[in-house]
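Each chain gets a letter, A, B, C, D, E and F, in the order it is written, and its residues are counted from 1.
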Amino acid sequence: MSKQIIVPFGPQHPVLPEPIHLDLVLEDEKVVDVIPSIGYIHRGFEKLVEKREFTEYVYVAERTCGICSFIHGATYCQGIEQIMKIEVPERAQYLRVIWSEFSRLHSHLLWLGLFADSFGFENLFMGAWKTRERVLDFMEETTGGRVIQGTSKIGGVRRDISSERLDRMVKDLDVLDREMKELTTIFLHDDSIRHRLRNVGTISREDAYHLGAVGPTARGSGVAVDLRKTGYGAYDRLNVPVVTDSCGDCLSRCTVRAKELFTSTDLIRQAARKIPDGPVDVKVTGAPDGEYFMRAEQPRGELVHYLKGNGTKFLVRSRIRTPTLTNIPPLIKMLAGCDLADVPVIVLSIDPCISCTER
Amino acid sequence: MTYLQKSPWIVHYNASSCNGCDIEILAALTPVFDVERFGIINTGNPKHADILLCTGSVNEQNKVPLKNVYDQIPEPKVVVAIGICASSGGIFRECYNVSGGIDKIIPVDVYVPGCAARPESIIDGVVTALGILEQKRLAMQTEGSPAGTKAGEAR
Amino acid sequence: MQILDLLLCLILFPLVAALFLLVVRRDSVRSLIVQFAAVAIGIVSLVLLILGFDKGTLIYSVASEPVSLVMFIIEIILAVFILYLGIKFRKSLTVLLILLQAGMLVWFETSLAGNLHIANNLFVDQFSIIMALIIGIIGSLICVYAVGYMETYHNRHKEVRDRRSIFFGILFIFLAAMFGLVFSNNLLWVFFFWEITTICSFLLIGYAETEEATNNSFLALSMNLLGGVAFMAAIIYLVLADSSGILLDLNHLLATGKAFALVPAVLICFAGITKAALMPFSSWLVGAMVAPTPVSALLHSSTMVKAGVYIIVRFAPVLSGTTEGLMIALVGGMTFALASFMAISQNNAKKVLAYSTIANLGLIVACAGVGTYNLMWVAILLIIFHAIAKSLLFLCVGTVENRIGSRNIEDMGGLIVRMPKIAIMMFIGMAGMFLAPFGMVISKWAAIEAFITAPFGLIFIAILAFGGSATVFFWSKWMGKIISVMRDQNVIEDTVRKEKWAVLYILTGLVVVVCLIFPLISSVLIEPFVLNIYGHTTRLAQANLTIMIMMLFLLMIMPFSMLLYGKRAQPPALPYMGGRPMNDSMHFAGSIGISRELVLSNYYLEKTFGEERLFMIGVSLCWGLLLIAGILLLGVIL
Amino acid sequence: MAFFEMVRTALRTVMQQPVTILYPAQAAKKTPISRGHVMIDESRCISCGTCQRKCPAQAIIISKEAKTWQIDRLRCVVCNSCVDTCPVKCLFMDTQYTAPVTARSVDLIAITYVKPPKPEKKDEPAQ
Amino acid sequence: MIPEPLLPVFYGLVYVLLAPLLGGLIAGIDRKVTARMQGRVGPPILQPFYDVGKLFEKENPVVTVTQNFYVLSYLVFMMVAGALFFSGGDMLLVIFAFTLSHIFIVLGAYASYSPYSHVGAERELLQIIAYEPMIILTAVGMYMVTQSFFVSTIVASSVPIILYLPGIFVGYMIVLTIKLRKSPFDISTSHHAHQEIVKGVTTDFAGPNLGKIEIAHWYEYVFLLGVIWLFFAWNPLLAVAAILVVYFLEILIDNTMSRVKWQLMLRTAWITAGTLGIINLGVLYYLGMVVP
Amino acid sequence: MTMQPQVTTNIEVGQLIGSVERFRNEGYRLVQIGCTKVGDLYEINYSFDKDYHFENIRITIGGSTEVPSISGMYWNSFIYENEMHDLFGIQVRGMNIDFKGTLFRTAVKYPFSQPPVTVTKGDKP
């Protein structure tokens, strides 16, 4: 006596900007079984290291993902710099921090919008993306690209930001802060939203940790993991607060991201205050020989670029382990027993970036 | 100008794109660009759509869904390939799992270059598509059957 | 004395047919007898209609003493029989109740019955005629249908002992008892026939002789015996009140008004509640679905439960305006709402039908309990519409069950492709149950209009509004199930027998026709009856009737719009599957490389409308209400 | 209870002018360094082929024999690599993005640079 | 002029002819205002008409031909319900016809045997059971004030109905949110895309069929707003103002709420609307008994 | 920029389960499992982290060696192990969720086990 409904969720589905698919088995609207399947974006560009010189692979690495493009590029470059023992100029490191944090703002605002959309709050979606345009404007003004910045380079960055622009940027941040304050207040306090998020997709601290959750997904469950604390780039000279929340449900993850918006603007201010003058890049000669696991904090969590060179211009292996990949097992746990209406909310609550995940 | 041109509804499919173009399509819906000015609605359902906005270089697993989504759009319909991955495979052209461009799978009417394609560029692309949509409608009227492949035929 | 002959004929002829059926062993002969008897009964009840519709209440005196003696002997024999079965199957409750009842009966017969003289034992009025028509036409149609059904049934269920002679015999005894019940003016006679229906249903429910069937039949028996005890108590009360027994004359009793009639009315209504399977006694009717489908159809539509509501509607004028009446009405209302909710959580087709029956009976009792003239009108209307649509639905479900081997609604997906004719009939039957402008909605509508002027009517309107919407839910989702067009399915209905088709066609026709001519039925039968009792009557506004009939016609011509589309070439399309293509056998590519079949089930919302929870609520609420009624009654008696 | 947190924001927004840029009636958002499309000063290109080699998307083809510089706009990822690496800085990034097209084509540009017989003279007449 | 007995027919016809125009306009204004609330320019006011015009220019792929029948019936009975209402018919009959038309769209969704339509259909049914009690209570409330179920009588009444039925009015506004498919309760069609069940009931309708559904929605808007008129019927100016205010509030709610799950929708509609309605009617009943 | 040096411990396939169990017991979380083809051999890296302390163990195997799954200790390892199987063709024994080669359905079977291509520069459009 079956009372089941099978819903093929995705690959084409309006709530998924990127294709994944889930086979949802429902009883009424209760999800009794969910089997995810990915691979719709697997391009296999990790193998491109065999065809592109390591200096040009930067452009490929940047296009791993359209949302955190800069961080991918920078992490790759930092990994190569580690192998080749290149000392990157201070200013470049600060600029990387600034752009990384702007990437994070961009990503989190984008996510807030999509998240609002997933529970049917269209106006909030529009509001979040309206604010996000401010971040993108800054990005375009300083790098020339809205979403694919293209300023990473081994040995530094490709563009400098003038000090006047930095001053203006700090002033603009106040406006941004104000708008984000308004947005996040609604997010965290509106009861209709809390009704949709509280106690939905809950995952305990232990589960989150042992299932390998990273980034806001882990921090929402109270696991204080933030790779910026390892002090790569210029982060060791900045005060990085780790935002956590203890409930482990969708609202907690939302809270973490909402608060991180402000830590990001704060980090940008710190960096703008401390940034020294000087060159933004050094000349790179030779080829990488050796291996390194470069870990960095992406908006979605811990990103690992494993790079292995053998002394030629072509790397042996580039392996990108993205936060979403490791957040998928916790996601499966979260989805068990939720309602159909919660599925998009929970899926989005880990902020999935499938194009990174599948490379 | 017919109604078709005043109310193009879109459906978006991400055929292994890097996300850049996708979020720009979404950005085009949001206040700063607001394509609803032109009557464009992101329907999310191919059966309601007129225009397929497609991003990404099409990998092995995406071929079938892409074709399926295309087939489910009722005639007249146009396909707009957004971004250079969708147009030619782009930087990922040489990857083992990439077919290289939407037009390898389904007929493409408009190519929108850019990496990532800017929202303005996407608007331009859709506007260009409107002209083609109108031609297809006329062709459908005169011939009695749609200009492209019929929806059911391909199965 | 033409009409009296008809009455006697209707009571006795089925008995004769039953005797023949009990001895006949050949299938073909049995089939012939059943068909002949059914046609005869149908025709006689129609003749009764033609001759009797304008005569008002006719009362006939029949020599009662010898008949009463026979009745007493039969009752004692039956009591002994039940006692034996009760002991055999160790049903202590049944034993207790039958001993109690028999004790009351014997005591009554020995110490009170001495100087009873009831002359007017039979009577007929418009309400009786309506009941007779329902029993005579729908009941006998079901019997005809049963012939073919039982043959298939025994082919499919080899484990069940073939006792078809007894089965058909009991069916016709059942009909006879029902006729007797609606024509009797002597409450003792009513009681006799009442007990006969109880025992017939007991035997029919237990037909399959499985453990479940036996248990459920005893459940039904115990509950109905409890009602019987109450009935007996009412009779004893009446005789104690007036030893001449004049109060046992039903029409006389009703005419005496509340002073005498209230106590027996409530007691008999309690009996009616048990028989009509209202909460807290609904479980027996739900359990009764283990019986072969024609039995369920019979129990649910034209006999048994209708006997319960019949007697309650009879006593409606007595109940009107009393607190006890309100309590009984509330029991009905609660039953309506809760049974409708519970039907949502069921996927067994017969169980859904059972809950729907319980709900509708609840509504009828709610109308009768409040008991104003327009509500009485509604109650009778409900009895008619419900009987037709429900019998059609049961028989359709039975046919489907015989073909696909399941009574699970989920297995009825795509019936419109597999068994198009049956599906359309079911569709019409269901429409009859909940869609405008068909019967039940007309009644619901009239009920709202009637309740609004009745005392405490608001409560019932609220119940009707909420319960009614639940009805929409469970019927529509079932409808949706049978009309969903699935691929790769073949027509499988061609093997259904001819006389079965005839029965189904007639019932389907009746659903539609009765909707069209119900103004006529109302003005010829119901309105005079109500007028006779209350001095005023009611009807639907003419303008509304016109509109309803126009809507009905519109609904009938709408399907022809399909022809319009059939001609134009339409590109075939597959359902939207999130970009995943589906093949003709409804499989699509699922995760982990599995080819999955698309399965769609309805919602059952068990958390919200779960059977157990609501049943407990309903039982305790209704017991509470009955208790209040009982306490009030005690106050009246003392 | 905090329902309707959004009401104030929504009501304020409805009173304000929309933030929408009325593209195409209004000009598109652009910055001086926006990466639109690659342009070539054909009079300065020395056909060295660096841009072709350094192009990660292999969109540029230079023919030394035919003296042509060819770019496939549907391949160019606008990464600025060629502009950065061009030894004579004859490539530059225009801020205007490439317009959508309905058919594939490549931009073929004839290089008019002539190796100057004498230094200092870079401005050869184009015709 | 039109003879008296034909007036109802005339009004009904006027509704059938003009309601789509008005309804489409309302939808257009709705979209414009919504866009402005989101800081966008929004589509032209006439956009809904373009949309429907476009849909009729498209081909009509169906999963099963019976879908056409259900959609047409949906439209026709929606027209019947509205026409009955505007010709002054019996409120209860109007409500039943209204339910009937919705059953047809639900059946149309079931007919295609597609997962999203199916879930949409189930949810649409949940919506129907959520709002129906309140709508019936509204009609009953009208009766208690004016002693008639006939719209013609209710409209002609000079009693300020709203003063007697404030609870019913609020309850009606709550279910109106369901009927207008506005945000907190937009669970069966997910009007603005990007949602959990794609397009719910309408998922497998395309082209002209979808157009018909859209037109039926317009009829529905006009009918539903017409009910608001009844509350203020004694003063037409106030009625128009009330309709405008109510509609604006609905848009505002749409823009300031996230979509709830069905459980909460059912609970809200039944408990809030039911309690408000029943308390309101109870008070009326009591007053009616005390002060005849 | 001061980064901690990264330690990689080479172990045998047979020691894998034991080593992983030790990490698990010490409260490390699994960061990643990654595979690299070096010549004809495959290096498999198991990386763990605890309080930003990064540990890496490596087994080096031939293409036909079967690797035991560590999903008993780390439930989430299935995603990496399936990936390893789909991209490198390494057989993993005892995965808790086995996609059976459907995690990444690639045009080329086991693409990363194919011999590396190097210079294809100047590839004409």
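Basically, a residue touches a chain if its C-beta (ideal position, glycine included) is under 8 Å from a C-beta of that chain, and two chains touch if they have at least 3 such contacts.
Small disclaimer: the values here were computed from a predicted structure and weren't measured.
Student: Quick check on the contact network: minimum steps from chain C to chain F?
Tutor: Between chain C and chain F, the shortest chain-hopping route counts 1.
Student: Just grab the chain with the largest centre-to-centre distance to chain F, centres being mean Cα coordinates.
Tutor: C
Student: What chain is most central when centres are computed from CA atoms?
Tutor: If we average C-alpha coordinates per chain, E lands closest to the whole-structure average.
Student: Using the stated contact rule, I'd like to know whether D-E or A-D comes out ahead in C-beta pair count.
Tutor: More C-beta contacts join the chains of A-D.
Student: So, what's the distance in Å between the C-alpha centres of chain D and chain B?
Tutor: Comparing mean C-alpha positions, chain D is 24 Å from chain B.
Student: Once you find the CA centre of chain B and the CA centre of chain C, what distance in Å lies between them?
Tutor: Distance between chain centres, rounded to whole Å: 59 Å.
Student: So the centre of each chain is just the mean of its C-alpha atoms; given that, what is the distance between chain B and chain E in Å?
Tutor: Comparing mean C-alpha positions, chain E is 35 Å from chain B.
Student: What positions in chain C touch 2 or more of the other chains?
Tutor: 571-574, 576-580, 591-592, 598, 600, 602-603
Student: Can you list the residues of chain B that touch 2 or more other chains?
Tutor: Within chain B, residues 13, 30-32, 34, 37, 42-47, 59-61, 65, 68-69, 72, 74-75, 90-91, 94, 96-97, 115, 118, 151-152 contact more than one other chain.
Student: Taking each residue of chain E in turn, which ones touch at least two of the other chains?
Tutor: 35, 37-42, 59-61, 115-116, 118, 193-195, 198, 203-204, 206, 255-257
Student: Can you list the residues on chain B that touch chain F in the complex?
Tutor: These residues of chain B touch chain F: 59-61, 94, 96-97, 99.
Student: Would you tell me which residues of chain B are touching chain E in their complex?
Tutor: 2-4, 6-9, 30-31, 34, 36-39, 41-45, 47-48, 50, 72, 74-76, 137, 140, 146, 151-152
Student: In the complex, go through chain F and note every residue touching chain A.
Tutor: Its residues touching chain A are 1-4, 6, 8, 29-32, 34-38, 45, 47, 52, 54, 56, 74-76, 78-79, 87, 99, 102-106, 111-112, 116-121.
Student: Report the residues of chain D in contact with chain A in the complex, numbered from low to high.
Tutor: Contacts found on chain D: 1-6, 9-10, 19, 29, 31, 33-35, 54, 56-57, 77-81, 84, 93.
Student: Could you pull out which chain B residues touch chain C in their complex?
Tutor: 13, 45-47, 64-69, 72, 74-75, 150-152, 155
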